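Both complexes below contain subunit A, partnered by subunit B and then by subunit C.
Take a look at the complex of A and B:
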């Protein structure tokens, strides 16, 4: 257990700056979203704004700024965690740590996923709290169902960054990156009404879970010295 | 472990390709279909068909007009037969008739044309509605300060600003509804929750027993009326109309109309696909629907007596060679329903794609033989099965993520 904690500390040193900065941006965006909502409620009246959120055609998607925040955090964490080591070829030193390589790769990924989960929980809790303070449950529940897909996308983005970074073959790196981007587009369709994506969230969650161990594939190839 | 990861990679890739490749193929090859439109002439009391003979985006006057008997009409004859559709042009040409079947064609009569899309599946619902004043002192509809919802106890009004429950108003409406026989909670609520309407006709509420009730607020007082019906209601499309409250779809997608005298009349339409485009004027009501290969129009009198039906074969992508090639190339596709964003798999008939899948499998075997790989290894057998089942997707996925020792 101890070597894993040491590895976690090593990963924390690499990622802490980008993680904390991106999380602060995310928190700022959530507060900004509801600052705009409160401003609109003051200017147009709560009943008019609530009606526009419910029945405008298209409805006001007041939370659309939140859409790319979780994925931004995932990209920051993923890039800061893997890119410097891979580009400077220091990742080979990590493989010489007294830890089974598979456990090592999984621990590195687990750390990244933990950071993303912490960020997601913080942002979603803040969003939930402000949302429920301003709107009735008939609005908040569908809104949260829609936003959930964006939080799930963060895991897919991180997993594909990890997988692409560890892939030793440049051409395959491009292929993985393209596949990842194409897969991510499934999470970012237009929102025609609150509650969109709710029906497809189980499939999107399943896809996110399925991408979790993908890093092992390129990690295995990296370890074997594939070209 | 690594083999499981590879299987996951292949499955994720197949899913993604099944979502994007067929739609990309379609966007690359799809041609604009020739339009065929059916109209009902209030002048001749017969149908008029407009067919596109060339691409009307490029060619001038590519529309040709016909009677159901096949007689070709000139553009002027076509316009004269449809004065409601061509009101402006006929007036400019000085050909607008003063009256039709003894009814003066005044501006009010000509403008009183209603068009509406009637859909059996419900769109998204938030279960929170504004109850407008149906008999306001000023003309028009104004927004109330509260919204209502239905709970297990009955109707409940929520203040928009504070989020508080308005206990007195809720109790007043609850007792009025209970007096009508309404049993909480409500199963469905139908209405027009918008101020952009000429007047308010309230809401139609289906209670937990399936009973239909009309709910309004008249001078601040609750109005509730039970509507006698044994229809299993699937959806209602409400209108702001002097004669019609709403169109009703039952669970079999049969269409009914609820008139303002609380009579429910079935509309005799033999296609129950749950999609109609309705138009009405003071002479006729038409309901147009589309099947896979045809467009069908039903015509009713203003009091909903059937007057006629006409079907016309229409041009559609599914009839083209490109669509057949799509079915030959791709064994299945995944799509998202518009709006609801469900993922739905659409499988093609195996008779269409078996040859492509077989060719992919042969190609895969050829590559393995060329690289001197043993075909009897379990992972190779699994790959072969994947390629045989998923065809193009499977071949691309197993090549993208190769099997290594």
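Take a look at the complex of A and C:
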């Protein structure tokens, strides 16, 4: 266990600044969203604004600013975690550590996924708390179901960044990056009504889980010296 | 010291990059307690060999063993016994001097913290200084300190002299030699600066494109490989005799590199019927012998 904790220590040194900054931005965005909501409720009356949110066409997506925040955090974590490793092929230092290579890669990934989970839990809890304080369940439940897809997208983005960064072949890197972007579009459809795509959340969750082993593939290709 | 116990053993190593042959059926043995230097021109396959030894490259054929384990699947226990210095003293530049020591200490049960700090304290740097702000010489000291703290049985040093000024190179070589001999460490290293290697290594491997030219004790090589210089009356003499390993000439001044004796070389010249003057045996350093063997181009 001690080696894994020390590996996490290295990962934390790399990622802490970008993680903390991006999380603070995310927290700020959540507060900003509800500051605007509260302001509009004050101006138009809480009941009127709530009715507008429920029945306007097109709908008032008051939480749209949240859409790209989880993925922004995932990009910050992924880039700050893997870029210092691939510059000058420093990953060789990591692979030389006295740990099984599969365990090494999985531990690095686990650390990144943990950070993203922490960020997601913090942001989602904050969003949930403010949302429930201001809106009835008819709004909060579908809104949270829609936002959940954006939080799941963070895992997909992170896994694709890891896979792309560790891939030794440039052409494959481009292919992976393009595939990742295409896959991510599934998580960012337009929202025609609150709760849109809620039914597809389990599929999106499974897809996010399915991307987890991808970085092992690139890691082993790097380890074999593929070009 | 157990000379019959090979620490590194490469058997029939063959590798290609695409269709380009790097080398074929290369065999390397590094016995315990020996310091082996790998010399070769750029592109001769030094880095390829280092990468295969570290398990970062899978050879097309053949295999390398370290402590009897295939380098493609080294166990954590064997990795603990290997210290690795990457070309250019690359380290985690996002860490500072204190953090990097703390990080590595968690992986090795017998971590010698004092050995690291003793070396670091000689530098005019603070524990909070980031590695990214250090000179190459300072980074080399940090890398060396980490290796001393790890106290590995085998050290693999890839182009350890790259970027170091003469003073740091000398310091590094002398420190390493003293440490390895006192502690019976085995070392496998490459360097572009052969003068440094001469002070450090016991055995040498010289590689040329696609093949190995020499493997054995440095002393045997420098004793047996000779260079002679002489002037001929003409500047277009071709030497195809087996005694002529390599010939360099500028106008009518020739340098004849060979494993043959002085008498044999003179006999070659006499058989060719050329008149020679100023026949002299050259005093060869390891660098001179390397260039004499592999040529300047």
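Quick notes on this one:
As a working rule, the second predicted complex is superposed on the first by the 227 of 227 C-alpha atoms of A that agree within 3 Å, B and C clash if a C-alpha of one lies under 4 Å from a C-alpha of the other, contacts with A are read in each partner's own complex, and residues count from 1 in each chain.
Basically, contacts are C-beta pairs under 8 Å (C-beta built on N, C-alpha and C of every residue); 3 or more make two chains touch, one makes a residue touch a chain.
Because the structure is predicted, anything quoted here is derived from the model rather than measured.
With both structures placed on the common chain, the touch criterion links A:2 to subunit C but leaves subunit B unconnected.
In the superposition on chain A, A:51 makes contact with subunit B only, not with subunit C. In the superposition on chain A, contact is made by A:197 with subunit B only, not with subunit C. When the two complexes are overlaid on their common chain A, residue A:16 makes contact with neither subunit B nor subunit C.
Applying the stated contact rule after C-alpha superposition, one finds that A:182 touches subunit B and leaves subunit C untouched.
When the shared chain is aligned, subunit B and subunit C each come close enough to touch A:224.
Between subunit B and subunit C, B contacts the larger number of subunit A residues. For the contact definition in use here, the residues of subunit A common to its subunit B contact set and its subunit C contact set are 224.
The part of subunit C that touches subunit A in the complex is made up of residues 17, 51-52, 54-58, 72, 76-77, 79-80, 82, 84, 86, 88, 90-95, 99, 102-108.
In the complex of the two chains, the subunit B residues touching subunit A come out as 1-2, 4-6, 8-9, 11-13, 15-16, 19-20, 123-124, 126-128, 130, 143-147, 149, 158, 160-161, 163, 193-194, 336, 338-343, 400-401, 404. Residues of subunit A touching subunit B in their complex: 46-48, 50-51, 54-55, 102, 136, 138-139, 142, 175, 179, 182-183, 186, 189, 192-200, 203, 207, 210-211, 213-214, 216-217, 220-221, 224, 226. Residues 2-3, 5-7, 9-10, 13-14, 84, 88-90, 92-93, 95-100, 222-225, 227 of subunit A are the ones touching subunit C in the complex.
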